[in-house]
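Naming follows writing order (A, B, C and D), and every chain is counted from residue 1.
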């Protein structure tokens, strides 16, 4: 997803901004029920948070290069409507809650005004040795800047 | 998974039985963090419930052939420990709750006494036209037989 | 991929045009070697040919709705260089050969002037019953219009 | 796949042995054509060669731990017949050719006497820094022992 495709943050939602990306459904995403297989939404959630962090000026790739890892410790999805091959869906992402060492990221998948799925992931902050760490001040400040 | 691999139901858990299957972690399951990518557990949950239904004498393939579909309407996973390439994990599956038109299936992923992940899926009963239906009496009875 | 992202056909290659699409590498695409897992390129080939057919004015989704299916009967990939998480790759697609009932589609994956992978897929034309058919004249004409 | 499931090498094929593993087709493997999506066969090829190397007494996991990596540099698949959800397929794997720094592995996917797909992968030998290396003598000897 290029910047052209992932528009700048557009919607305030409580204190933090959300960000929307477009994803074209692949044939590989479908199953024999003729709809998107349920685990594939978690890949889209990943795309959503990747683009969120990029828009924040804090690409996840760089975070890992600097020794900060955000593995998923919890994931939840509710499937409201079926998604089909070649649909162009929008993934809307926003920061949910942020405790000291945990980050909740909320995601919604839309298709032209229809909510298809919603859910969240919870992430830990780990260093390169897999030990829990606190997020750097710069990162927390970047998130806070988004709040205004 | 052949019957030889997926042993008959072994553990009582409350009123309903659970069933355990073995899955060998594939290289394809891993990501660059060196652990299993988080959406892959949902595929294992699928394997778990497929083998559960087969052990029940009610293979899901036959259900679809007879016009009954069980799409996932909700999924939840908690990731407790990392899973690695070539690990041999056990997926333990049991029926959680069954209301009129919803079925909850609980899953745990183990590796030699260590709980790696736990969660559940909730399923609707649909007919071939995608309309909600009640599960057949034979199916409900098959589940109830398991309760004793 | 929206039209904005997938520019109109840009390069003549022999007699037929090629088409280029951008794909952002997902974390889900990587494996523990820290590079994209080898089967994922086949999903990108799929994206490439989907966008090729759309640019041709002949979206594959519509083809299936009209009862024409193009299953893959052969696939080949050569992996020249590693692809990494968050890379923005270009998939260049063109029609290779077209016999009566077979269509060869060639694909290349590039990253800023570096060829990462190349290969092809061969497709059969089937109707809704899985029987081989000849492609419709309109489709063949659409391909031929591209040749000039 | 446990040893119980993946029987010891059973078939001589030219000079080298082949090895057969069983894989149950997952719902996740299917697409909306009602058959297995074409990239999934490459995951099965991976399972096949993993079990081949394990039977050889040379598990790939250990190879990586000892600093030897076998990335795929070429892959080829021919799809002969459709594979369906819940099918129990057999993956038959054998060593194709072995030049100094390249290893070809051949794979076939069967379902009860029907050949579903066939193909191969070609692998390079790399060390932990991604530099080409020659395979260790012990490994080459293990392969040669299989030849008798």
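Following the convention adopted for this analysis, a residue touches a chain if its C-beta (ideal position, glycine included) is under 8 Å from a C-beta of that chain, and two chains touch if they have at least 3 such contacts.
Small disclaimer: the values here were computed from a predicted structure and weren't measured.
Over half of the residue numbers at the interface between copies chain B and chain D are found on both sides, making the touching surfaces mostly the same. Compared with chain D, the chain whose C-alpha mean position is the greatest distance off is A. Between the CA-based centres of chain A and chain C the separation comes to 28 Å, rounded to the whole angstrom. For chain D, residues touching at least two other chains, in rising order: 27-28, 33, 35, 39, 43, 85. Within the complex formed with chain D, the chain B residues making contact are 1-2, 4-5, 22, 24, 26-28, 43, 46-47, 50, 59-61, 85-86, 88.
Remark: chain C residues 33, 35, 38-40, 42-43, 69, 71-79, 82, 121, 130 touch chain D in the complex.
Chain A makes touch with chain D in their complex at residues 27-28, 30-35, 37, 39, 85.
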